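Both complexes below contain subunit A, partnered by subunit B and then by subunit C.
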Partner chain A sequence: MLQGDFQPKKPTRKQLIKLSIFGLIGLVPLTALVFFFMFLFSAWLGKPMAVFGYDEGPTQPIAFPHTRHVQELGLDCTFCHRNVTKGAAATIPPVGLCMTCHKVVGEGLPEVEKLQAIYDSGKPIDWVRVHRVPDHVHFNHQAHILFFSQRDAIAPSQVCATCHGDVGGMVKVKQARYLKMADCVNCHRDNGAPTDCVTCHY
Partner chain B sequence: MKLTRRQFLGLVGGGGAAAVIFQACGVPEAELFVESTNQIPEDLVSGLDNWYATLCRQCPSTEGIVVRVMEGRAKKVEGNVDFPVNQGKHSARCEAGLQALYHPDRIAGPLVRTGERGGGQWEEVSWPDALGRLAQQLRGLRDPAALVMVTSPENSYSGLVADRFVTRFGGQRLRYETLESTNVRRAVKLVYGQDRMPDFDIENSAYILSFGADFLNTWGSPVRHARGYGQFRQGDRERGTHVHVDSRFSMTGASADEIFFVKPGREGLLALSIASVIIEDGMGNTAAADALTDGGRIDMGRFAPDRVADAVGVSADRIHSLAHEFAEHRPGIAIGGGSAAAHTNGLFNMIAIYSLNHLVNAVGVPGGVMFNPQPPIRDLPAVSTVSSFADWQKLAGQMRNGGVGVLMVRDADPMYGLPGATGFRDASFNVPVIVSFSNRMDDTTALADIVLPEHSYLEDWDIAVPDHGPGYQTVGFQQPVIRPFFESRGAHLGTRSFADAIMTLAADLGLDLGLPATFAEMLQDGAAQLHGEGRGSVTATDFRAFWNGALQRGGWWDANARSAEAAVRPPALPAQEEAPQFDGSGTFHLIPFASASLMDGRGASLPWLQATPDPISSATWRTWVEINAKVAEEMDIREGDLVRIVSSFGNPDASSAEGIEALAYPHPGVPPDVVCVPLGQGHRGGTRYEKGRGSNIMSILAPRADTQTGALAWAATRVSIQKTGGWVRLPKFENTVPDFPRDEEQEVIKITPTDT
Partner chain C sequence: MAESAQATQKRQWGMVIDLDKCIGCQACVVACQSENNIPVNEEAHFNQRRAIQWIHIQRYWEGEWPHVKARFIPVLCQHCDNAPCEPVCPVYATYHNTEGLNVQVYNRCVGTRFCANNCPYVVRFFNFWEPAYPNSLKNQLNPDVTVRSRGIMEKCTFCVQRISRVRRQAKNDGTPIADGDRALNPACVNACPTDTLVFGDLEDPNSRVSKLRDKELVEGGRGYHLYEHLGTSPNVIYLKKVDKHAVEEPAHA
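Showing the complex of A and B:
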């Protein structure tokens, strides 16, 4: 026995019983609490809840109003998100595409002026991502859009809302569906799409 | 509060674990951005790749490549399946073009020297300023011949622009090649009457007899040869036989069925001996035999195997049987080059070797030597002429006497590759202005006064003719696969096309080049001539469609447009042997060889190529010396021993006169009186990957030249080997993982006598 060596004091029998009772009583709420926070946390990662305005969607470098472009001007989704029927990513349009109109349209509006300044600087815009699936998931826009538009004989831009909600009615774009695996699998099952692991995880 | 050691450790551990857990919960910030690029072509789909056909200019053989481009960035190089020279194959050197494009030490704008020459102090100036300074210097030249332009032997429109600029100005143009092919080209001219290098139809050949040329690895058009060789060995046909004659164990020698080591410089004598047997035994073409022996006036009996066997180092019987094999397996090709052409009797060797093809009817027939016709574009240079060592010595003398006012260098590094004994580097200090067009630092650029960085070939346009063509008319189209990398620096900085820079300079000087106003028009003019032919791989009714088609396929060719020229009547063989002469005091013959990846040193700045293992030793990143294993044992030299290779030549400055250092690589395949050292390392200037790495074997070569052509006899130096006592582990792949431990009690296969 050297000095400084660890040697816990041996509890008495009474202390042991007390400890185990308190421990057992404490364990139940603790476990419940842990589960609750885990659930909350994972749900939050999937889609923030509608409390204190957390579900509003992030603030973007330019406050782009989908309402004005879609609802008021009637632009088609695929007018800007051009690759949605051609590739995996729907793609955010390049600044140059915005400028085809905004060279003349919207002169004097503060957000449009911001856009014009960015265009002149030759720099890209770093938008804040709203929809995201983890790295181990592959989502292909082309396959989904073409499947629904061909099956239901509708325009590709009418398919978008299935997952993205009514973006045309959003001032700030926010996530409309959970987009967790359960969400994906349910939808795949309902529509007769394959539910093998490698469908998405490859 | 008192904290014990235990509590402290617990807290640290817990904190660490918590940090890890919480880190894993979040999403990395970079993933929460989606970039919307400023400008993007309308038809570009991000995430989808585009493949552009262009030409690889990493090495002189001009192969067709396709480059994968995503979002305006080149990602991968592959061989162009359509291009007739390489037919979809490519080399490590082609792959590394990406590293040349995105090199961290690329020069991003014109530079002028501020400190003393070679001091490495530069100031960046604008293109108009830099070109203006050069124009001012050129105007100030009293004698226009004091302008010297050094380039690689360019068979392209850029080469034509350089040609015109120099001739209209009245200057001199030299074409640089480190291991020069002057002797081979001269022999081809004398023996076949051809100005262009012929194509060796290995694919359809039955027997290959090669002398010195490492044609599967570095010599000529290695990718084309290796592709044909694959068919030759494993194609849908009878397997061909390959015999290699060399004074070094090369990769080509290792691939052959049999390799003969001859005494250095005696390859020609062996070829004559083979010819004598073929003629004596009446196995060859009688007309050719008659011409070669000058109607019987040349006594071939003096080359009979038993009379030359000792001099050559191959037994008389074997020479005899070799001659029979070669004559009886048709079509067969004799190929000569490499170190066989790099002796003081190099031209003699080459004439003797290439004449063998006449004897076995292998000239102008499939499976033999096929001539390359001229391309159907006016003025486009198609004949590679190479300046000989004699020209370089003359230039060095001129430089020393102050006869050179402006030295312009493009795609060449003579300060690195010329033997130190020429004193070229020192002489360059007497040249008032040195201009380099390189976009990376190298030994020559480090001594320049003005650096005008040109585009990488992946950013540039050109039309070029492959030096080693496929035997029919072939023109390669080079197009940019990406926008110039430094374009964002504005119009006055960044890199420019060499041809554009020269044309701007000519306009500034008021020189009429006799060419279309811009390089773009020049290329279209060349393409229009091809379009006008109305035949070949791309035909179209309108020019626009033709232009797009040619760019898509990577060029234009016509497999039916073969050379109509008949081979000349073979000239008489040399009446007697010309013996090689050697210089230097040592006991070993020094055979330098082009590195498989670095070539003559041009690839040394690219890490991928530095790390590509040599095919024989599997060594990387260093300079090594291949020495016979038994000799090494006698000299007590082990692998990795730092040895000094001493010739009595070198730079006048003391350091290299004492020789160069290299790591020993004992190898049983090296002949006992030979040591072999790869080229490519030992750069004094250069980028972070090459500077000060290894040694430059060219610096200690004897300044010996071929007696007839003046070509550098780079295999004519004798050296001695001295141990320095140092040891460095040779970085190589082979044998770095030890053998599987074997259990002697448990045989994997047990062989038992059948009769028990």
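Showing the complex of A and C:
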């Protein structure tokens, strides 16, 4: 060390305490900012990041096991989602349809007992919606299901996985595809469907 | 294949309005409001010239008392082939589609209002407020039509949701779209008690609208366009009112 060199002052004990307090306070908005951007990006991509279980689907009022009904029992998607070839919405079955089987099946299972209670109260089940496109987008299940099933000569229930993923293998149903406009438009272009704005936006 | 033939079939949706039949009952206005989720207009909205009516009836008085006559003209978006509203949009939110419709894309619109200012027919409406409905009307909103939020432009779509529903149905059944199908007609046409409004495909030579156009406009009859001199070439054709008591206006000196 030469004479006349710049030498930073050594911080006093008081300054150190002050700095550490400011640092700790500063950490709070920083973490908040990181979290904010993380959720912003996951919301924008339509696919939550795989942290803290946020990539899972929502918790439903009844833990309905698609795996059991589809994989083990081999029910078709269209057995419950009956309107999928007839209308815009695929529709979730009414409680009465569940009860056609569950009057006699699954006695004593905790989730089936929940279903029984809801059926007795005469109210519908408040399912948490997993797939939703904005209000200005009009998606019609019938048109898509019929087009693919007729073109590829497959059953309507084999088309569902194109957009919804393998729901039969999901314990908690979650969104499998982004379902943003680019996703829709790419598929429309590949399959020769109209890409006129007014096809979906009206 | 029937499907590909349908997809390539040229269409030009148009309307013929026979003013001889219009009685100014406003049924078309009410039908349009309920079909297209248009918020309820209050008196204050009219006073501010901010009421939203995709179709409205213009009323004129003719003659001096006691020989006064009311004249009605239903005015809706003319779906001009050469639309003044389209080139001024900076974000391509309004454009002409292949079926001759002047389309407003709500999710593209940023609300510059250039289109409304450039429209000579004053049939484009800006949402100055969030849409409000009385509680009794909240359950009658049409799920096929977007509820337009504040800050975007809206206008008559010729009930494109009905057209696309009928097209989908026709494709599934393998049948052509029938002219004058009530499921295809816009709400105003269905509501009209005097058959003033006729909707159909102007490209189809057998449709009612193209027959009326050929008879009244091409061969020379009662047909005319609103603001024809502006060169907007609208797809809505008006038929003049016939009045046998009409007095020829004296030539101005």
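Here is the rule we use: the second predicted complex is superposed on the first by the 157 of 202 C-alpha atoms of A that agree within 3 Å, B and C clash if a C-alpha of one lies under 4 Å from a C-alpha of the other, contacts with A are read in each partner's own complex, and residues count from 1 in each chain.
Here is the rule we go by: a contact is a pair of C-beta atoms (placed from the backbone, for glycine too) under 8 Å apart; a residue touches a chain by one contact, two chains touch by 3 or more.
Since this is a predicted model, take the numbers as computed values, not measurements.
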| item | value |
| --- | --- |
| Partner chain(s) touched by A:6 [first = subunit B, second = subunit C, both, neither] | first |
| Touched partner set for A:142, first subunit B, second subunit C, both or neither | second |
| Most subunit A residues touched (candidates subunit B, subunit C) | B |
| Touched partner set for A:119, first subunit B, second subunit C, both or neither | first |
| First (subunit B), second (subunit C), both or neither touched by A:94 | first |
| Which superposed partner A:196 touches (first subunit B, second subunit C, both, neither) | second |
| Which of subunit B and subunit C A:83 touches, first, second, both or neither | first |
| First (subunit B), second (subunit C), both or neither touched by A:40 | neither |
| Residues on subunit A lying within both footprints (that of subunit B and that of subunit C) | 88 |
| Residue ranges of subunit C touching subunit A (in the complex, touch as defined) | 7, 95, 97-98, 101, 103, 105-108, 144-147, 157, 160-161, 164, 168, 171-172 |
| Of subunit A, residues touching subunit B in the complex | 4, 6, 41, 45, 83, 86-89, 91-96, 118-119, 122-129, 132 |
| Partner subunit C, residues of subunit A touching it in the complex | 88, 134-138, 140, 142-143, 146, 194, 196-199, 201-202 |
| Contact set on subunit B toward subunit A in their complex | 4, 6, 25, 27, 31-40, 45-48, 488 |
